[in-house]
Every structure is written in C-alpha cells, then in structure tokens.
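Take a look at these structures.
Here chain A shows up in two complexes: once beside chain B, once beside chain C.
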Partner chain A sequence: MRQAGVWGLAWKRFRRDRLGFTSLIVVLFYAALVLAAAAGWLARDWNTEAGVSFAPPSFLGPEAADSPQLAKAAEGAQPVADYGIPDPLAADLAEIAKSMTGGAAGQSRAPTLPLGGDKWGRDVLKKVVKGTETSLVVGLAAAVLATFLGTVFGALAGFRGGAVDDFFNWLYSVFTAIPYLLLVLAVAAVIGQKGVLTVILILGLTGWTGIFRLVRAEYLKHKVREYVLAADAIGASPARRMFVHILPNVSHVVLVQLSLHVVLFIKSEVILTFLGFGVGVDTVSWGSMLAEAGSELLLGKWWQLTVATVAMALLVTAFSLFTDAMRDALDPRLK
Partner chain B sequence: MNLLEVRDLAVDFRIDEATRLRAVKGVSFDVPVRSTVALVGESGSGKSVTALSVMGLLPKENATVDTHSRILYRGRNLLELAQRDMQALRGRELAMIFQEPMSSLNPVFTVGFQIGEVLRRHVGLSGRSVRNRTIELLREVGITDPERRLDVYPFQLSGGQQQRVMIAMAIACEPKLLIADEPTTALDVTVQRQIMDLIAGLQQRHEMAMLFITHDLALVSEIADHVVVMRDGEVREQAPASQLFRDPRDAYTRALLACRPPRDRRPQRLPVIDDFLGSGRHASIQDPTPERKRGLRGDEATLLEAKGLAKSFHFREGLLRKRELQAVKGASFRIAKGKTLGVVGESGSGKTTVALLVARLHEASAGEVRFEGRDLLGIEGRAAMPYKRRIQIVFQNPYASLNPRFTVGQILTEPLQIHGVGAHDAERRAMAAELLAKVGLPPESLEKYPHEFSGGQRQRIAIARALTLKPELLICDESVSALDVSVQAQLLNLLQDLQDEYAMSYLFISHDLAVVRYMADEVMVMKDGEVVEIAGPDELYAHPKHPYTRLLLSAIPGRAQ
Partner chain C sequence: MLAYTLRRLWQFVPTLAGVVLLVFFLFNWVGGDPAYLLAGKIPNPETIANIRKQLGVDEPYAVQLWIFVKQVLSGDFGVSWSTNERVSEIFASRLGPSLTVLVPLLAISTLLGMAAAMLVAYVRGSLTDRAVMVACTVGQSISILVYILVFQYLLAYQLGWFPVQGWGVTFIDNLLRYAVLAIIVGVAVSLAPDIRLYRTFFLDEINQDYVRTARAKGLSERRVMWVHVLRNAAIPIVTNVLLQLPGLLAGAFLIERFFGIPGIGREVILAVERSDFPIIKAVTVYVAVATMVINLLADLLYKAIDPRVVLK
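Up next, the complex of A and B:
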C-alpha cells in the first residue's frame, strides 16, 4: 500500500476548503471551454457576421437596437455630411457595400443574438468564448515562461552565490528599475509585429523578476539545510542538489507564483491590447473586446463590455481564490 | 500547606474535525509552599501542557480542559477564574520561564523596557522607580554592569544572559509560584550550571514555590524536593526526591534512570525502556553485563589524521572592512581504524565545523586531512568521489536531515545510484531493505515518507543512508542529542553494534560528556576553535589537565549524588 505523500496530504487539505474547491471547478470549466474552442468545437465561426450591426441580446428583444434618440441623432447628422460636394469615394463604397451584402446574401441577418452583437454583427457570445481562449493561453503561457525563467535564475543565484548571484541581482535590478509599463511597451516596440506569441514573449520576458526574488530567497534558506548537506555527503552533484533535492521543497512557492502570474498576465494582456500593443485584429481577446467597447458605450451598446468584463472577472476571481486555497494546502507545515 | 493542587487534570487537543488527542489524562499532584516539585518526562509526556494549563496559557482554539479537572491555587480553582482575574494573577503571583530565551524576549524592545513593562503593569511603579528596580533585578540575576545592560537589545546578549533577563522578568513581581519549563535545555552545560545555581538561590531567598519541568533526571536530583514522573499524559510515579532516586518503584522510572550512560561503568550495551516494561527480559538487566573496554593501545593503524586544520569565515562590515571569524584554529588529531574519537565542547567551540571540514562539506582555510596517507583537501572535483563515499556523516536534527519530499526508499537508493552500486533498481531496493532491517525498521518503511516516523526512527533512517556506501569513517555530529534519553540509549546501542560489525571508525561529536565517555576511545576537548586537550576517556575524566576540561566536568548535573 502506498502511503499518502506530501501531495496527497495537500490534496486532502485542499478538498476541505469549500471556497477553493468551488473556484477550482470554475477554473476547470474555463479550461474545458478553452480546450473546446481550441479544438474547433466551439465558436469557430466567431468572425462571421451573423446578426445585424449591434444586434441586441435576445432577452431584450429586437426593439432595443433602435433607441429613438440615437436614430434621430443619426438622421440629423446626415445632411451635414454633403454640402453638395460629390463624394469621390461614393462609387467604391457602393461597390464594397454591394459585395458585402452579396457575400452575406445567402443567409439573412438575425435581428438579435444570444448575448448581442458587435458593430459588424458578430456574435458576442462566440467572441467571448474565443477571447477566453486567447486570454487564457496568453496568461498561462506567459506565466509558465516567467516562472521558468524566475525559477532557473533564482535557483542559480541562490544556490551558487558569488559572481553568479551578483550577475542575476544586477539583471533583476535593471529590470525592476524601469517602470513596468514602459518596459513592456519598449519590448513590444522592439519585437514589432503583433500577435499572440509576441504578447506571451513580452509578458514572460519582463515578468520573471518577482518570482526570481522569492525563489532565490528559498534557495538561500534551503542550501544550508541538513538534508542538502547530507546529499552533498553522499556525493550528489550541485545540479542534482539544486533540482532534485531542493526544487521539490520549494515547488509550493513556484506553483503559487505561477498561478498568481496567470491572473496578473491575463489582466496585463487586456491592458496591452487596449493600448494597441496586444493581439492583432484577426484575433479576438478580452482586451480587444474591451478596446472596442469604449466607442460602443457612447452609442449605448453596453453588452460587449458587460460580457467581456463578467467573463474576465469571474475567471480572475476564481483563479485568485483557487491560488489562495492552494497556498494554504501546500504550506508545508508537515514535520 | 499546599500552594497549588492539581486534581484530575485532563486536556484534549483537537487535531482536525474528527480527531482529538488526549494529551494529559487525569494528572494529580501538589506543590507545597516554598518547595520545588519537578515534572519529569520525555517528549509527548504532557509535562509542558500541564504547566501551560496552570498558567492558563493553553491555545484556546484547539485545547480543551476536561470539566472535572481542578487546579486549586490557594484554594481557588484557576480553571473557573474569569479572564481578567487570571491575567492579574499571572505575572503577579504566577510566573513562568520558558525554554528558548531568544524567542521568548521581544527582539525590538530593549531589555530594560521589557522588564519595566512588567513592573508598570503589575506592580504599578512609574518613572525613576521603574528604572531603579530594573537595575536592582538585573543585579540580582547576576548580570554585570546592569546600568549599561538596561539599554541593550536581546540579540546583544548571550543565551545565558538572555535567560537571566527572562528570570528577572519572572521574579519582578515576587511571584509565589515560579514555573520553569526546561529553562536550561537550550544552554551549554557550564551556563546551565550557573543558571541552576541562580534559580535555586532565588527560590530560597524569595521563598517561592517552584514547578520545574525537565527531561533530565540528573538535573532534578540537584534541585527538587519532590518528583513527579510522567509518561504519555499519565503520572507514573511521584515521590520525595531522595526516595525516588534511592528506590524507584515504577518500572518506567527505573528505566529512565538506567538508560543514561553511567558515570562509573561501561556496560556492553545500555539498557532500554523495553527491558523494563517489556515482558520477561527484565532479568537480563540485573546481571552485571560485561564491561566494554575503551581506550587505545597505541599500535592501532591510523585511518585519518588532521594537521593544523583551520577554517575562517569572513563577514563584510560596513563598505570595505572585513571581519574574520576563526571557527577552527589549527586543530590536529588522529582517528584510529575501528575506534571512536569523541569530541566535546560547548556551542561555538568549532566541533561541528571540524566535522564539516573532514567530510569536505566545507572548504578548509588551511591544514591537511590525511586519509590513509593521502591529503583529502588537495583532491579536486570528481577525483574526490571515491573518498567522499568512505566518509559519511549523520547530522543532529533528524527532522531536517531527510528530504521531506523523498520516500525512505528513494533516500536509501539515491547514494547507491549516484555511486553506481548495484546493477539495477531492484537490486538497490533489496540492499536498502537489508539496511533498514539492520537499523531495526520494517521493510514496509521503504514506501513511507519521513514525516510518518518518530525522531528516533528518522535518525535510524539517516544512519542507514550513511551506511549505504559502507563508509570507513562515520561522523556523528550530535546525532543523539535531539532525542529522548530512552531513544538515545537505543541509538547508542545501534551505533555500537554497527561499529562491532563493520569495524568503522567514528568521529563522535557531542556536548553530552556522559555519552562521549561511554562511546569514545579517545576524547578531544575543544574551546573557541582550539583543541585544548586530547586523552583517553578514563584518564580525561579522572585527571583532567586543562582548566577548561575541569570546568566542563564540574558542570555535569547530578555529580553531587
């Protein structure tokens, strides 16, 4: 019979934390959603213009689209546009409009969509599902990258000490001396092209500093512990002591940092995209949805903003609570 | 007349929702006025919980005192007292000294402020009189130059001085009952001697009653009028001290007294608790076991010889200056094949540093260590591996020396893997199981994690790990010091059996002079990084040459007996 190990005991403690457990279920739900979206089972056609422009959510009914004041305001604005000057682009625009309606001519546009539509009549529900995929992938991948860098740097600096420690501390100081947003924007400007991979690199390459500091401190503490000395005495190499002996004993710190950074990077992606340094126009993320929502709100179209915000708030909250519960469960007060 | 009467005290601890643990199971005893009562027991006996119950300091979240329990202080039941009344009583009439002076004092306040706080709160002094009384108290507990010490912080004092400050705080309000919970366990023997003298003197002068809690029976024999022996939350025996030491009634008390290495003899093996509490084997103890021969004849082959071994640590001070601390200053000694070199010394004497230098876990600053004629310190990198496996070490703290994330099987097969011993994993596991049997653990232990074992069992695992590589020199750095006396005896027997079987040499380091006398063929005394004396154990204990050795020997508790 195999005895309950350290992880087994942690899992037992975790299961007792009801709030943490509920959060885990929420997080797992999101994960399932992302997998389904990535596999193409869900929201593959998020980019098709299924509804009329700014189609209201189904539960409000189609009338919600034409709020009378707005329509009147639009009408009033019409004559000002011309002043009798012929529009030089009129012919082209007419052609484009024709081809566009022609393309969608096969199917008539729906007057309402489950959670509303955006300016081009794309389904907000599908957008938010696909956006979840982008945001969560960016958050996870960037957090994994940052945690990997922070852990390796921290382990080397803390365990080796001396010149290696000095070098990494210098690197840390350089990275932390620059204001975060400025650093992110600088890296974004250097990398140049937009895209999911770029965002992951930007966040991962700038976000390792906090993890580095914590892991380094843990290694400083652990390398003088007797079990590490004992490993030295039986002839274990430095690399073996660093990663086979010490790493499992600091893994709870790394794991908690990883999940904290997932939350942080999901929010950062939103900010980056909002500022225009994020994912490209051909991808949808919570950030791009929120960026669009600003101008929509002026027209009273609140649904895209609401849906994206709720989706993000729910995941971020659940993930944070899950992280807290995990930290409590992993706290190795075991003797 | 009894100052304190404890009746049927029972305390439960909540482990989790479902599990409760009864730590104290119906304990009754008296503390008469102006007398010293000792509560003696090993870890888990419930002695500290009993003391905390009297003080009303049990953690409220998870400890409950049984409703039938009574703790009568001058006829008043302390358990029924309101929080406010209890607080008033605590500090004014009841005072307590704890084991760890370093963690009992608040590091961010000065010594003077902390003593003064007690005087302001409980005695109602203020202004200059607080300062004067504090100085008076510090002088009374034997702190030199008390006017200056008033404004120092706890970390600027040594462990012994900190404990003196704690005692000053405890007696500040002239308590009627002083509870001392292992007050000298964390201190060196010579300091322990001073503190014990101080406590005994204060008790006499202030006519206090004292409840003295300890695991050390020898210490009790010097101070107590009345002894209560506890085990697993129950009182095994209580008797006047003179009677208990002369004629112990309970088997457990007898076992506790017998399993310490005796001062005058050296039995083949030490008796252990099971010999007394187990069935039938009792008789074997009564037979005078043959004496074990110790000492060197002088013609033994030398396994290891250290010459002028030195180690300095450097601290940065300010921007440019460096301060040098010489932990070991030119130690020279030799270890004979199959024999034991004992090292004694107080904290800071450099004995652990010597162990780490010999095991090459620290780099020496100077000197040489010749192992079978070859200088170990000159060998670099991988060439040192064959030598490394021949010198193994068992550390002091069995809770820290095993990786908590490894199973025992992983812990024991790892060294074999690293050194390429054994053809495949199954063979290595078989070897590990064999070693486990040798140290007295069942083969199922391979699948368990260290936290599932007791301290003594963990130390057995650590010994088994050291044995995997079949070392010729085993360094035991305080390897039995953290353990209860009964477990200590078992492990000393184990170490002795292993030495008999494998003819290993030991470098046996301990602050416990009785244990070193029992184990060592030659004893090295260290002080402040220097070797002050090396001699055979009988010679050293009978005719110590160096004044420091004499001081150490005179500090061993229970010599007056």
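Up next, the complex of A and C:
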C-alpha cells in the first residue's frame, strides 16, 4: 500500500476543516474571475461611460436613489443576489430617458446599471471586476517578490552563518527600524511614479523582513539535522543542501507566509492608491474605487463604496481563513 | 543589566548608520535631482543651478553624505522645501496633536481589547469564541479607509455628533471635541487585531500549571482570571503596546489627514505629496531612533516585570 506523502496528509486534514475549505472555494472563485478579466472575457469595457452620471443600481430604480430610506433598506441586501433580475420598468424608463436627452446623442445612456454607476457613469460592477484583477495581481506579485527575497536572504543567513549572517541581520535591523508604512511612503515619495509595477516593487522590496526572520530561524534549526549532515557527507554542494534538501522541509513556513503577505499587500495597495501613490489613473483598483467613494458618499451615492468594500472584505476574509486552515493542516502540532 | 543596556546602545550605531545610508541612498541617489521638482514647470538653467547650490546637491555624493550625517548628529535638518519652516519646529509643534489622539486611542483600545480577549479566551472553543474570531477576521478585512469614511459620514456628517474635522486652540477643546471621533475610529480599527493577538496571550497563560494550582486551592474563577492570569498575560500585552507606539506616530496619518488633525502623520503625507524631502528624511531618522529606543525599553521593562526573563 502506498503511503500518503506530507502534502497528501495535509490536504486530508485541510479537507476536514469546513470553514477553511469554503474559504478556498471563495478564493478560487476570485482567481477564476481574475483570470477571466485578465484574458479579456470580462469587464473589458469598464472604462466606457455606459450609464448616466451616478446611475443608481438597477434594483433601486432610477428615481429611488434620492430617497435615503430605500437606500438604507437596500444596503443590507446582497448586491450580487439582485443581479440579473430584470427591471420591469426598464424599457419604459429607457424610452423616457431617451426622449429627455432628445435621442440625439447617438447611443443612449442607461438610467440604471446593475450595481450602479460612478461619476462618469461607468459600470461599478465592471469596475469592481477589473479592480479585483488589479488588486489581486499586485498583492500576489508583491508577495511572491517579498517571499522570494525573504527566503533567499533567510536561507543564506541561516545556512552560511558568520559574516553573511551578520550582514543580513544588519539589513534586517535597518529595515525594521523604520515602521513599515513610513518606509513604503518614503520609497513612494522618491520614486514619484505611478503604476502597477511600481507598487509591486515598492511593496515587495520593503516587505521581506518578516519572512527573512522566520526562514533564517528554520535554516538554523535544520542545517545541523542528520539528513543535512548526511547530504554533506555524500558530497552535496552547499547550494544543493540549502535549496534541494532543506527548502522542501521549510516550504510550509514559506507557503503560509506567502499567503499572509498577499493579504497584507492587498491592504497596503489600497492605502497607497488611495493616497495617490499607487496604480495610475488609467487603472482601476479597489483603492482607486474607495478614493472616489469618499466624495460620492457625501452626495449619498453609497454603491461604489459598498461594492468595493464587500468585494475586498470577502476576498481578504476568505484568504485569511484559508491561510489559518492551511497553517493548521501543514503543522498539526499547532492545534 | 547595565552591561546589557550598554551593549544594546552600542548596537544602535551600525543600525543607525544603516538607516542613514538607506535614507541617503533613497533620497539623494534614487530620488534624482530635486532642483527640477522645485524649479517649477519651465525651469531655466540659471534657476536650476541656483537651487542646486542652495540645496547642496551640486556637491559630490561623499560631501552630501557628510552633510546629512552632520544633520542627523546635530538634529538640525534645515528648513522645509515647501514652507521654509524649520524642520525641528515643525516637529515640536506637530507632536502635541498627534499625542492628544494617540495616547487615549492606545489606552482605550488596549483596555477594551484585553477585556474582550480575556472573555473569549475564557470560553475558548465555544460558539461565542468562534463567532468573535470570525467577526474579528471580517473586521480586519475591511480597509481602514472604509472605517474612516463611514464613521465620518454617519457620526459627523449625518448625525452631527462631532465636528467633521478641525482642530481648536485649547488642549481640553481638542481632546473632548475634535479628537473624539478620530479616537473612536482608531479604536474600532485596532480592536479586531488586538483581540486576536491578546487572545493567544491569554490562552498561553490559561493552560499553565499555576492556573490549575490556583483553582485546586479553591480560588474563585474571578480571582484566578482577574488576578493570576491577567497579571501574567499583561506582560506581553504591555510590551506589544509599547512596540506599536513609533509605528502609530507616523502610521496614524490616514486618521490625522481625514479629521484635519495637525499631527506628525499628516505632515508626512503632506511632505510626500509635495516631495518635501527634508521632512521625510527627518521623520524617517527620528522614528527609526524612537523605534530602537522603545525596543530597548520594552526589553528592559520585560525584564523588570518578569524576573524569569534572561536578557542575552
């Protein structure tokens, strides 16, 4: 009979965690959404001004948006659940709108949009799909970069020891002496350039310290274990011992850290973009949606804020719960 | 203890040197020539040359670095590029408002977080525990921006309980009128991560032998929790609060900006927006020093309240 490997056992434990498993499904749903958006199947035309300015969500109807009671009542409802229900008045209203604008504009603008429109009448639903793509890609890419740096630095410092260890510890103490957000802002200030790639670089190059500390500790522990000494005895080179022998044995730590940092960087991207140091104006992300939502809220247009918040909270919650479940599954001693 | 403190202070030197090098590398090398930023849209060569001379960026890098080191050692970072105010004066005047918000914020969120964490740790594994933990995870998933926007809109704009933003003249007026909403938002944001972290501290203590002993000798549950467990769990909590302080000083910038509080955080944001390098450089160095000092203080405090701790 074949014995289950460490990953097989972890998967078995993970599947038993119902909350974690549900979270994984939500995360996979987001991943599918992002892939579809990246391939251009979804939300390609998010930048077109499809509706009237501040078009209310379809389930409210065109005029109801001004009534705060209705707005409040609808706030509790799940926006996604209402998507797809046809508005019985839509045809009539479109005609009225057409006659009011004179019908000369070439194409008519929709009076309502599935989840509402922004100041320029762009569809919030399409914006949030495209924004999810931007935010998730930034979070993932920055986390991969930070994890790569942290793992390589930590492996070198822990395995080599001596002067190499001293150097990386010094680098670590320098980077952690400056509070994380201040460091990010300082780097953003000198780079002074916007864009997805800039944000990924800023977050990735400043965010490796936590991973470094953990990976270094793991390498210190593992390098004197018998299997590594045995590998040394049969003539495995230091690089081979570091990355072929030890790395798989600490990969669970790396994986959990990667996952934690995705969440951290998604949140950081939102703040950076909100402050105007993040992705450019031609890109939509959750941060840029929230930045617009601030002034919209004062006009009573709550939908963009709600949609962006729900989209972000759902993913970040699912990702956090998934990370917790993954950590428990990979390291059963913790529980 | 003294030998340890001296050794730690000695270790500040390479770290601070590294911070100085990093800041110098970022602002004087990566940042490029600031003269073009300051000269406006249509610079002529004369203006550029003048500004470069005025800022000292026409000197070789080694000389510039020496000037920066002298600035760090003397604590005099010159004047702001955008307002010509002395950087040291900017700090002196912005520290008060920052602390007016931060000290009550930290005190309230720590006390509330501790109480809630002790409660859920006591009923660990129950439905309440799990529900609170999931609620905390959801609460942490919502961006701080949303908390600020929604609280400001509902409590200040719609209900009118607080001024939307602003800052007064007297300390009492500021604390009781202008800082209140900022403090409420700050507490709401920090409660979820605090409860999660402090819960693990309490759980570590609840399973210890001394708790079983205390119960075995017939102490009431109330006394076991509030006296025995609380005092032991308070040690990592106090350290944690202390360690948060330097990050918060510059990190509360979103709250300070939205509520119009003229603190250090808002100054940082303004400086980043205006490319006002002297201010950002000074903040980074000051906060790095504060972080190192507070880390040392936290370790010494740890030793002072827990004699079992051995400092290496």
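We adopt the following convention: the second predicted complex is superposed on the first by the 288 of 335 C-alpha atoms of A that agree within 3 Å, B and C clash if a C-alpha of one lies under 4 Å from a C-alpha of the other, contacts with A are read in each partner's own complex, and residues count from 1 in each chain.
We take it that contacts are C-beta pairs under 8 Å (C-beta built on N, C-alpha and C of every residue); 3 or more make two chains touch, one makes a residue touch a chain.
On a predicted model such as this, the values are computed, not experimentally measured, just so you know.
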>> Contact-wise, after the overlay, does A:L220 reach chain B, chain C, both or neither (first, second, both, neither)?
In response: neither
> Who does A:V26 touch here: chain B (first), chain C (second), both, or neither?
Replying inline: neither
> Given the touch rule stated above, what does A:F277 touch, chain B (first), chain C (second), both, or neither?
Replying inline: second
> Can A:L205 be said to touch chain B (first), chain C (second), both, or neither?
Replying inline: neither
>> So in the superposed three-chain picture, is A:N249 touching just chain B, just chain C, both, or none of them (first/second/both/neither)?
In response: first
> More chain A residues touched by chain B or by chain C?
Replying inline: C
> Thinking of the overlay built on chain A, is A:I191 touched by chain B (first), by chain C (second), by both, or by neither?
Replying inline: second
>> Between chain B and chain C, whom does A:L149 touch in the aligned arrangement: first, second, both, or neither?
In response: neither
> Hey, what residues of chain A end up touching chain B and chain C alike?
Replying inline: none
>> With touch defined as at the start, can you tell me which chain A residues reach chain C in the complex?
In response: 19, 170-171, 173-183, 185-192, 267, 270-271, 274-277, 286, 290, 293-294, 297-298, 305, 309, 312-317, 320-321
>> Give the list of chain B residues in touch with chain A in this complex.
In response: 356, 359, 361, 385, 388-389, 391-393, 395-397, 399-405, 407, 414-415, 418-419, 447-449, 451-452, 462, 465-466, 468-469
> Which positions of chain C touch chain A when the two form their complex?
Replying inline: 11, 14-16, 18-19, 21-23, 26-27, 30-32, 134, 137-138, 140-146, 149-150, 153, 157, 246-247, 250-251, 253-254, 268-269, 271-273, 275, 277, 280, 283-284, 287-288, 291-292
> Which of the residues in chain A end up touching chain B in this complex?
Replying inline: 1-3, 5-6, 225-227, 229-236, 240, 245, 248-249, 332, 334-335
